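Going in written order, the chains are labelled A, B, C and D, and every chain counts its residues from 1.
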Amino acid sequence: MNELDFDIGGDKLREECGVFGIYDLDGGDVASTIYYGLFALQHRGQESCGIAVSDTEGPKGKVSAYKGMGLCNEVFETEHLEQMHGNIGVGHVRYSTAGSSTRENAQPLVLNYVKGTLGLAHNGNLVNAPQLRKELEYTGAIFQTTIDSEVIAYHIARARIGTPNVESAVAAAMKKLSGAYSLVIMSPRKLIGARDPYGFKPLCIGRRDNAYILASETCALETIGAEFVRDVEPGEIVAITREGIASNREMCLPDPAGEARCVFEYIYFSRPDSAFDGVGVYRARLQAGRFLAMDSPVEADLVVGVPESGNAAALGYAMESGIPYGTAFVKNSYVGRTFIKPKQSSRESAVRVKLNVLKEAVAGKRVIMIDDSIVRGTTSALIVNMLRDAGAREVHVKVSAPPFLHPCYFGTDIPDEDQLIAHGRSVEEIRQLIGADSLSYLRMERLKEMAGGKPICTACFSGIYPIEPPQEDIRGSYER
Amino acid sequence: MNELDFDIGGDKLREECGVFGIYDLDGGDVASTIYYGLFALQHRGQESCGIAVSDTEGPKGKVSAYKGMGLCNEVFETEHLEQMHGNIGVGHVRYSTAGSSTRENAQPLVLNYVKGTLGLAHNGNLVNAPQLRKELEYTGAIFQTTIDSEVIAYHIARARIGTPNVESAVAAAMKKLSGAYSLVIMSPRKLIGARDPYGFKPLCIGRRDNAYILASETCALETIGAEFVRDVEPGEIVAITREGIASNREMCLPDPAGEARCVFEYIYFSRPDSAFDGVGVYRARLQAGRFLAMDSPVEADLVVGVPESGNAAALGYAMESGIPYGTAFVKNSYVGRTFIKPKQSSRESAVRVKLNVLKEAVAGKRVIMIDDSIVRGTTSALIVNMLRDAGAREVHVKVSAPPFLHPCYFGTDIPDEDQLIAHGRSVEEIRQLIGADSLSYLRMERLKEMAGGKPICTACFSGIYPIEPPQEDIRGSYER
Amino acid sequence: MNELDFDIGGDKLREECGVFGIYDLDGGDVASTIYYGLFALQHRGQESCGIAVSDTEGPKGKVSAYKGMGLCNEVFETEHLEQMHGNIGVGHVRYSTAGSSTRENAQPLVLNYVKGTLGLAHNGNLVNAPQLRKELEYTGAIFQTTIDSEVIAYHIARARIGTPNVESAVAAAMKKLSGAYSLVIMSPRKLIGARDPYGFKPLCIGRRDNAYILASETCALETIGAEFVRDVEPGEIVAITREGIASNREMCLPDPAGEARCVFEYIYFSRPDSAFDGVGVYRARLQAGRFLAMDSPVEADLVVGVPESGNAAALGYAMESGIPYGTAFVKNSYVGRTFIKPKQSSRESAVRVKLNVLKEAVAGKRVIMIDDSIVRGTTSALIVNMLRDAGAREVHVKVSAPPFLHPCYFGTDIPDEDQLIAHGRSVEEIRQLIGADSLSYLRMERLKEMAGGKPICTACFSGIYPIEPPQEDIRGSYER
Amino acid sequence: MNELDFDIGGDKLREECGVFGIYDLDGGDVASTIYYGLFALQHRGQESCGIAVSDTEGPKGKVSAYKGMGLCNEVFETEHLEQMHGNIGVGHVRYSTAGSSTRENAQPLVLNYVKGTLGLAHNGNLVNAPQLRKELEYTGAIFQTTIDSEVIAYHIARARIGTPNVESAVAAAMKKLSGAYSLVIMSPRKLIGARDPYGFKPLCIGRRDNAYILASETCALETIGAEFVRDVEPGEIVAITREGIASNREMCLPDPAGEARCVFEYIYFSRPDSAFDGVGVYRARLQAGRFLAMDSPVEADLVVGVPESGNAAALGYAMESGIPYGTAFVKNSYVGRTFIKPKQSSRESAVRVKLNVLKEAVAGKRVIMIDDSIVRGTTSALIVNMLRDAGAREVHVKVSAPPFLHPCYFGTDIPDEDQLIAHGRSVEEIRQLIGADSLSYLRMERLKEMAGGKPICTACFSGIYPIEPPQEDIRGSYER
């Protein structure tokens, strides 16, 4: 079960990050709670992780931080957690890309500014980061990382000089920032959360006794035994202090219809046991499966999901269609980051090491296979072929999302257009390429229904961007 | 577990392991194929792993070997595989127990004897190992590990002096060995496979072009793209040489009815995509679920499995009963060996970090929860409670095996009787302890049907041992 | 020391470091030459090390950098060097102190600013760093480390906006900086070297074919097969470009008599095979020994040095006095950073593990033991005692420096005054504490002679500071 | 300072091993004392190390052991030592060669045999090991390592069956063993030490309160604060029990004149602060220098040693000749095992990274350079050349040993004859090859004098072997 980490053939989209923050008013140490919170968010980023804590009653500016490359499991040892004392803290998980995966870029960013220290963790992507960097550099700024968090931190630091408190400085900074961001910020005495006005990325508030929590997903609240309080709203800034939660909504859009939640949080990124802005992710996926059954029915003997993220939609399809749900695949869960990939020349294939077909389940059957997306299509073709080898009589592929056609500038790593199988191809052409007997995608109209009627961003499917995208493709442009 | 405490004085903890062997008659390097084969068998042992290869055309006695503590993923790096040249080899994965997990005990065992070198990998447990050790010591033997493989190796080495070939020496050694063992042995020019006469543990033969493979499970054949040839029979010794496969059946039982396959291979150990002596494991588990539905029906709205091993039986139950199958749990797959367990005093619980409930799936429903076994019962109680917290109206627990009551001397690590929840308790008492609305186990009579009618060992449930167990409980005696 | 406790709130411990820079006009890769150069400077810093390289013909702003905690030996692997391509680069070794040894503080500092990238390595200590940080913060600066290099980088970045080139920006920045600093800076097309106007710390220029080198010590030139060109002068900025070396002397003191070379470079810091501003370090130490023999002669049978740094002065003493030079100690060179120190309660002592006495050499003799300094005095007492245990009839201690009495604010880590054995004690009192038969120190007047007549800083002995020290002792303020 | 680990250019001979044993009659834990003892013996082996301890009052057969590849510093962590409880133990350091440097071969060997457990550590080399292995294999033995210790252990195990105690079994085994060996053996209740009848390798006895120690060198006694009791005699077996030290001399040679101490222990292997069979190593080296001055005087201005092992002989030469002793070289002590060697094609040389010349010391002078041996001669040539580059007018090389001409079968790693510079060359030819103005070796006749008149083995110089060497070169023949 994970929508989580299983990327069958290196052919899944990747989320940018997960953030977590906590402030225990009763003064308890929070480092290990952050650790478990990050565990629950690990599917949002496996490249690097970090924790920074401070003590609201201690000397200003004393921060303990530890960051490293890899999973929480790999980076943190007991002694790290035991040596980090403090009742306020932030944590971060980051995803791995080829280029900029360096220790320098690990978050949270910990820094000193005019009012003491800040710890800052960020999920999302600014579309005007290069321009903001240039502007800052022309006034003497220096940059030691290539992450947007450093740009955001500079704006907060500069805005702070003329503002009464850090949350006002965050608001002032947000006026300059364009793009997707959910932020968790720790100052010496406050925990701040903020979402961009469009609400691209999730951020929720939880509570456990006298501790307040901010997290990318509600599943992190469950994991640490906290109760869900509410979502931070798009454009909202919340400041958690000894006095409780204060809210600043000056950056909220005048008309919520303009909000643009990332629909891919429902389709793939978020864990199924999370709810994003009030809509359960599992339920959304079941619903996508039902829509597929309504909109593109086909006669068959068995409905199966491509593990793990296809399973919920497969169950929804089975419920709606009455065709039995089954299991067709056995996944090898021991294939980790350090897995040695088979060479092209070898007889072994990476897909077969990760995924086997249950012959007994599919032999002689007409199979409906549900996947949440097709990116390059190569893995889909391999899996369809494996099902046929195992004796499936027919293989009908249903995708619980529309075809990917456009780049994302808000924090999702989508390959170049020419690598997208749907780019410049009809559905029939794609069907032939992956070797399926039939192929259908979720209809565009269904997306908003699936997301419970909330305003969503569908740019990767529709090309309609809620914010003007940059003139040139900025992704990766300021990498060392 | 640590390398420091090396208990030389006895034997090893009874364990579950996986073995793999390959001989490529065309002379290709086999180390990386063994690596992928071990990946497919990793569920059989996560404590340590090892590979040894040799070249049948090279100088006799030149063996490259690499072993280490941990998963294949953790132990092997690309350079290890690249530096191991040879067209014949064996591999092993070993299961982690509390006590005797040391590097010295990692397999395969590589040794020099009168005829050159042997590489030996072993799955199972001898019941007369302590006695055989004593006998050997009285003739001047020295022991450097606490694994049975060393005892087996000594017997082969001694038998080899008066026998024409290594397979005869294996046969002669088998006359002394009592217990469960599936062996894969590499000599300078031959690959040998052998199963004890009772056939407790699986071992199958595969082929890929001109390479022959021996493996604990058929799923390893699939993974490396080999085809299944047949199972090694209980009591059979196969010798793979340039001339092909030769078989020695002198140790087979006169009456196959006396064979005693470990039924837990079907219930839990083997991967669902494997077949053990001709019976598909997935099918066996579906069948167990169907039996539960037939034998202990209950009214409910939803059937769910405890992931992962309960899912197949849950599907079988759903098929037979007509009650909808669903998903109730989200498992966090990032919890690895180095996971820092929450302290008792902390607010986090290890179970909640690993497993969350999908509230949307179970709220308001009467849920049938299928698990493959209940050992101590503590986790079951927690999960039942989590389902209730998530709003389940009723929780009916069905177990796809009979209650555990007796120790195993053949390679399965079962806790002491007084830690088994079923020991000295009625089913009703167990039900109360785990807080379920109802509880049923698979009936003993169903086990043989589930295993396709093959003779099986049911000692852990029935207390009827196919081989006389040792007078005293030898399991504890090897451990500090 | 650990990475967890990252004190953002101030500045760094004053430390001794080594810097290295190279620009190969012929375009060859320089990373491995930097590695060997840092090896030769390793005695100047064992806490952390780092290398950053760039290609003057490549895209501006593409820097490869690798840093880590520990010795060059421990941090760098072959693959790191092989993956760093570029013909210009800088390197740094940093010294280990108790407090602020974190990965974040490792150098070189690599950053983006308005004109591209800078790599900056720095040896020394600013006395006005806290004040400069405050000023910068009040204009919106953020700090991610606690090292002075970040302060220097900010000043260069800001100065660069209104200046024609980076060397002018360095000159403008130097007008703000007060304290000790030798800098090596890499911009996309230039290698810059600079020394503070007092010339506290060494920096020399070398050449190998068409490659120019900057290094803290001349021994690094020897090691890489380069020839010594000249020293960078106190206050000088040199810019190495395709056109050769350009010099900017605007920051040089009007009167060189005000310069203040750190005399401890001669006494202890520099390697004996280096020359600092034209004066050979080995010769200086021989000379110190000769002065001791002239100024405080004593009758004895043997002159020995406390290894390694006391040996040269011992030889000088022997030459001048005619008393035979000998070896009294065997040092265990395997005692590295990870050495497990004996517990107080154990029978072993850390000194005895590291140092044994050659009984045969000292038994029955009157021994003169030369050491380069006595700080706390505890080790001296132990060694004197070991000599007596080995049979030395008399032990006369001579110190090739005057007594330490005052803090250093320019980059040398001297303990608090109350830990200095010479603080508040007469020489006779110290003699009694260490148990010597006699004790003499180098006379203050000899220091300048020893340094070849060059103007030196003697503040740690004399309390006369070439630059006004900070009002309060800033050294403690940066540490937790 | 070390005769210890500094191998200037990969051109030194290497010792086989160092052993250490301790039995604390008062019951104190001994693991950390073994650790410090091994530190003092680290120069005898840097490939691997290990410690095994047991409790004489605890259950028989409970041994805690930890071994690993690398230096003590690298292998052992505090927790290892803390977890090893027991008042009796053995330790071992082993030297690194290209071929057989595997974890399997690390010592001590820990094994179970008929009477419980043995821990065995061994220094030396058997000349009849291959033959003994074959014989054992023909009686059914299996070998899991390629070290002689396993052969020795088998003989003890077999002999133990018919003998009253373990020391008698050791004596019986020694009758079969031919070659060089100093053994330290731990049985459940006894600590045993033994030297081969020729006394090739050192072994001494020490005492600290109620703890008895066995060690390869006396410097290990100093380090742990123990007093020297006596040497184990050639051929002697000592058994340390609760009753004290018992001695068995049945294997001693009838005529001590036949003993054959390895003269290279005096020349290079042992630490200068050790005494071997009553003769101080430092004194022996001084003496060698004096002999060189007597036998081959030359006019010069300065005598220098090649660090570290040439320094003592240089001092002796200076004393005898009246020519001043000086220091010519600065060694880089940070060059460890993981040092990345310069490529052939690079401008850096490994020798220059490790060793610089003090120009000021040698410029314009006629220099006598003393080295303890010349093996291949390549490094000598480089160093002579470096002295000339630094301005030396003449370079006279004196070697404090005769020329190497023959292989050693007793535990010293000497290259093949055709790699020895002295093989087939006159002294004059060698002089020309290394570029010296003159060259002289220690005269053969001086060796025994140097060793205090004790019978010594000079086979590597003279070709006269105290034991008949094997027909064929056995070295490395039974490596995997």
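Throughout what follows, a contact is a pair of C-beta atoms (placed from the backbone, for glycine too) under 8 Å apart; a residue touches a chain by one contact, two chains touch by 3 or more.
Just so we're on the same page, UniProt names per chain: A, B, C, D = Amidophosphoribosyltransferase.
Computed from a predicted structure; not experimentally measured.
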| item | value |
| --- | --- |
| Other chains in touch with both chain A and chain C | none |
| Chain whose mean Cα position lies farthest from chain A | D |
| For chain B paired with chain D, centre-to-centre distance based on mean C-alpha positions, whole Å | 47 |
| Whole-Å separation of chain centres (CA-atom averages), chain A against chain B | 37 |
| Between chain A and chain D, centroid-to-centroid distance (C-alpha), Å | 60 |
| Per-residue multi-chain contacts in chain D, two or more chains | none |
| Touching chain combinations (by label order) | A-B, A-C, B-D, C-D |
| In the complex, chain D residues that touch chain C | 1-2, 4-6, 32-33, 35-36, 39-40, 42-43, 46, 71-74, 76-78, 81, 208, 219, 222-225, 271-273, 280, 282-283, 311-312, 315, 319, 324-327, 330, 332-336, 338-340, 342-343, 346-349, 352-353, 356-361 |
| Sites on chain A touched by chain C in the complex | 59-66, 80, 83-84, 103-104, 109-114, 116-118, 133, 137-144, 150, 153-154, 157-158, 161, 478, 480 |
